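Both of the next two complexes hold chain A, though its partner changes from chain B to chain C.
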Partner chain A sequence: MERSEARLAQLLDRQVETYTLFQDSPILADEPMRTAHQAGQDGVALRIRLASYRALPLSCIENIELMIGGTRYPAEALTLFIGNVAYCPAETAHLFDRWWFILDHATVFVPTGSLGRGPHRVEIKLATVEPYITAGRFTFHHADARDLTVAEG
Partner chain B sequence: MTPEQNLPFGLGVALHSFTAEYVALKWSFEDLIELTGYLGGGVEITGPAHHRGYPHVTIEFERTFKSAVERFGVTPTCYGSYADPFTLPARNRTPDELFEFIGPQLEGAARLGFPVVRLQFFSHVVAERLLPIAERLNLKMGYELHAPLTFESSTVQMLMEQIERLGSPHLGLIPDCGIFASSVSDGHLDRARGAGVPDAVIQQALQLWSEGIELAQALETLRASGLSEQQVAPVEMFWGSFGRSDPANLVTHKDKIIHMHGKFFTMVDGEEPNLRYRDIVGALVASGYDGWLSSEYEGGASVNSFNACREQQSMIRSYAAGSK
Partner chain C sequence: MTNQPAKGLKLGTTLYSLTTEYHSRKYGFADLVRKVAADGIGPGLEVVGYQSIRGFPEVSDEFADEFRGLIEETGLVPSCLGINADININRKKPMTDDESVEYHTRQLKAAAKLGFPVARYQYPAGPKVIERLAPVAEKLEVKLGLEIHAPHHSQHPDVLAFREMYDRVQSPYLGFIPDMGSTARTVPPSFFEARQASGVPVDVIELAKDYWHRDGDPHDKQEAFISECRARGFADLHIMPVMMIFGLFGRAAPESWAEIIPQCVHIHGKFFDFEDDGEEIAVDWKRVLPVFVDGGYDGYMSSEYEGHMWTDFNGFDRIKRHHAHVSQIMGSL
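Here is the complex of A and B:
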């Protein structure tokens, strides 16, 4: 077996920042938003990660909402892409067999119209349910905020 | 079981321990398998965390997993299934839906080479229906006894009665060491303070916890003392992480125990300050337990999870040597 202190050190010393789940989980990807067009609307697309330790079915995504430059976009206004399939985040309550895997980005289209290059203050709220915690559907409320520029999509 | 010196049972890691590094993409899934080779060699995975396609095992994942197990010389010990009863907002999963959800997880676990599957206790309503599948696949299913459950709780008494009634070697128990606690961790107390819970309410919560008052009743008392709804979650975690079960149950019920979850939250000077590991290991040695124990780290990301597991396993080995 290829085991050695040198190989172990190689794995342990990789310089990647970690964070404590459910407390500091980053949701917004640290990269520019992209200009995008969806269902006849201009806007931006940005990528997000799930803030859990395991994949969740879309029926457990209770709410997503964004604030970009002071303007609020509720779930009904957004389009959520999981693996290139489009969903309205306000209409996923029945989707028990569509999964968001823990290592995958989802993409959110926000109908902002034409935004300038920025940077813009972007705030996200994500409410998810862990579908087994003892007393019933237990909702975790996550939030994240970043200053993001807009690049051509 | 690995031929460890002084250790009658095998040690390994639940890959859940490495969650912080895994989700931050410091370590790939295969890196996690590789790391278990340095930590006793037993590998335990969690379905929805570790493979796309869950609850089904894809042929790609089967190849990846088996190749990593072979390459790094480790042993699959337990597959973490879920019942996920509260998946839909409108209603809970029906027994038929539980059966349809858990069945494929048993099939997948067997294909991957796991001898044991962790069941969440909600699965009990379909355990009898799942037994023929477990028998065909030569799998053992075990109810995880996780806080707030304890051996002494009515739910677990019910599970044990079912196990006795069904009388099958394919159904047993997987105690999580978090149920054998002597105290609640400082980390949990800090999170409650951080959520604004007043010190007096925290002290009252700890008093109720130490008296063995069950969660529902304790929350009633604490709400009356002014615990607000936003503050319930961090206080609930005192009961959700730490139980007051007696490790002697590991001897009394040894015939039902098919696997062990070595839950731990923090190591201080080579010991886990809140969990009764000396008593746990003593009981496992006394009972002749010869299965696997998966280290399961659930502390914060400020500590390297590999080093935490290594320290915990040293502690377990030294307690085992000391209890002979």
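Here is the complex of A and C:
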């Protein structure tokens, strides 16, 4: 069965805490970030993909956060575009019918203001939950890091 | 086209084994299917709906036509569609039984549209929902197979609940899919090597091996393992990636499958690492295969490689080795 780690939640039914698994996964697209403008803010847009073996609904994206050049941008600061629809990653808990297919890149807008060409150190953390867990919370924390330049959007 | 064993059990591949190749975009879906055929690791073809099909469980006519074309072109046989019981898809509340029946029905329709005779379902669906799906499965002519995966086995209380329901309902469209990771003889070495390479202390690994080989309930062993590691001052960061072994690899005896073989609709041939002489290390295939052959199983088995969770080894090569290993054993039975 795929994603067998998720089965561990069954073993954790009797546990009170939430267990997490950290792993490095390819999330950031290997290409320049693009300058972008969103809701009155200047920043950059970069493409990311889901670190999961299967498609997930947005309700299973527990957290996204980025660090660009040492500055942290939490989920509330980001805008996530999937199929040209904009979402705030911090407000997706109810979106169990909006899907992110694993071969599709999403675009994240980060309100960095005006960044130089770089390269800049970009780190991303993506936390997902497997939806077939019946009890407890088992979160997979994926992390990726790249040095990316900025190109005109 | 493939090494066909002498007995009725037929080989195949689940595309889940090729998650790394697919996720990296090195191979698209059609490329994977063609390479499975070209590498002779069919004839059975298993697919996970939410992995391979954009928009699943909605299957476009276009995709269905493309898939049918691929099957005709390659001569592979659709053996099983992996469907999911996504009970907690809505983080605010778990699915009701009605919602779950609907969620599964859509996936069963997808299986029927694509020509899969079997759908792999997951035990979180629960016996009540699956009982309600039996007439749906019958109408669509898609068998529902409960995957029995570590730490479950044929006698586990969770599985007995399904067996009791099956006995009561008596539908030929309700069956089982044994996963050989449930009846392993050891944890594959590559797993511990990967964990050690990522910084898990050797002492944690040695303790894990010790606990895994002990008799006892996997839940209890896992709790005891975690407690002892913490008592010894090891960090959760190192404990958690290792404690997975109790849920990934089970120690039930392969012979325990015998009593449910008449109800088996598919097999997940889980495998991992090989010795130089071709023997698989974690699963004792010489012991496993006779159980199914003697039991008269004549369906498909998907070679299921899950090592992509902790290694970057070539999935196609691994599957070829598994097919060779299984074929050799089957030929000697």
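Following the convention adopted for this analysis, the second predicted complex is superposed on the first by the 124 of 153 C-alpha atoms of A that agree within 3 Å, B and C clash if a C-alpha of one lies under 4 Å from a C-alpha of the other, contacts with A are read in each partner's own complex, and residues count from 1 in each chain.
Convention: contacts are C-beta pairs under 8 Å (C-beta built on N, C-alpha and C of every residue); 3 or more make two chains touch, one makes a residue touch a chain.
Treat the numbers as computed from the prediction; the structure is a model and nothing was measured.
When the two structures are aligned on the shared chain, A:41 is found in touch with neither chain B nor chain C. When the two complexes are overlaid on their common chain A, residue A:63 makes contact with neither chain B nor chain C. Once the two complexes are laid over each other on the shared chain, residue contacts for A:55 go to chain B and to chain C alike.
In the superposed pair of complexes, A:103 makes contact with chain B and with chain C alike. Where the contact sets of chain A with chain B and with chain C meet, they give residues 1-2, 8, 11, 14, 19-21, 23, 53-55, 57, 59-60, 93-94, 96, 99, 101-104, 129, 131-134. Residues 16, 19-27, 31, 34-35, 37-38, 46, 48-49, 52, 54, 71-73, 82-90, 120, 122, 148, 191, 240, 300-302, 304, 306-307 of chain B are the ones that touch chain A when the two sit in their complex.
Of all the residues in chain C, the ones that touch chain A in their complex are 16, 19, 22-25, 48, 50-51, 54-56, 82, 84-92, 94, 120, 122, 124, 147, 149-151, 179, 181, 218-219, 222-223, 236-237, 240-241, 243-244, 246-248, 268, 306, 309. On the chain A side of its complex with chain C, the touching residues are 1-2, 4-5, 7-8, 10-11, 14-15, 19-23, 26, 53-55, 57, 59-60, 93-94, 96, 99, 101-104, 129, 131-134. Across the interface of their complex, chain B is touched by residues 1-3, 8, 11-12, 14, 16-21, 23-25, 49, 53-57, 59-60, 62, 93-94, 96, 99, 101-104, 129, 131-134, 136-138 of chain A.
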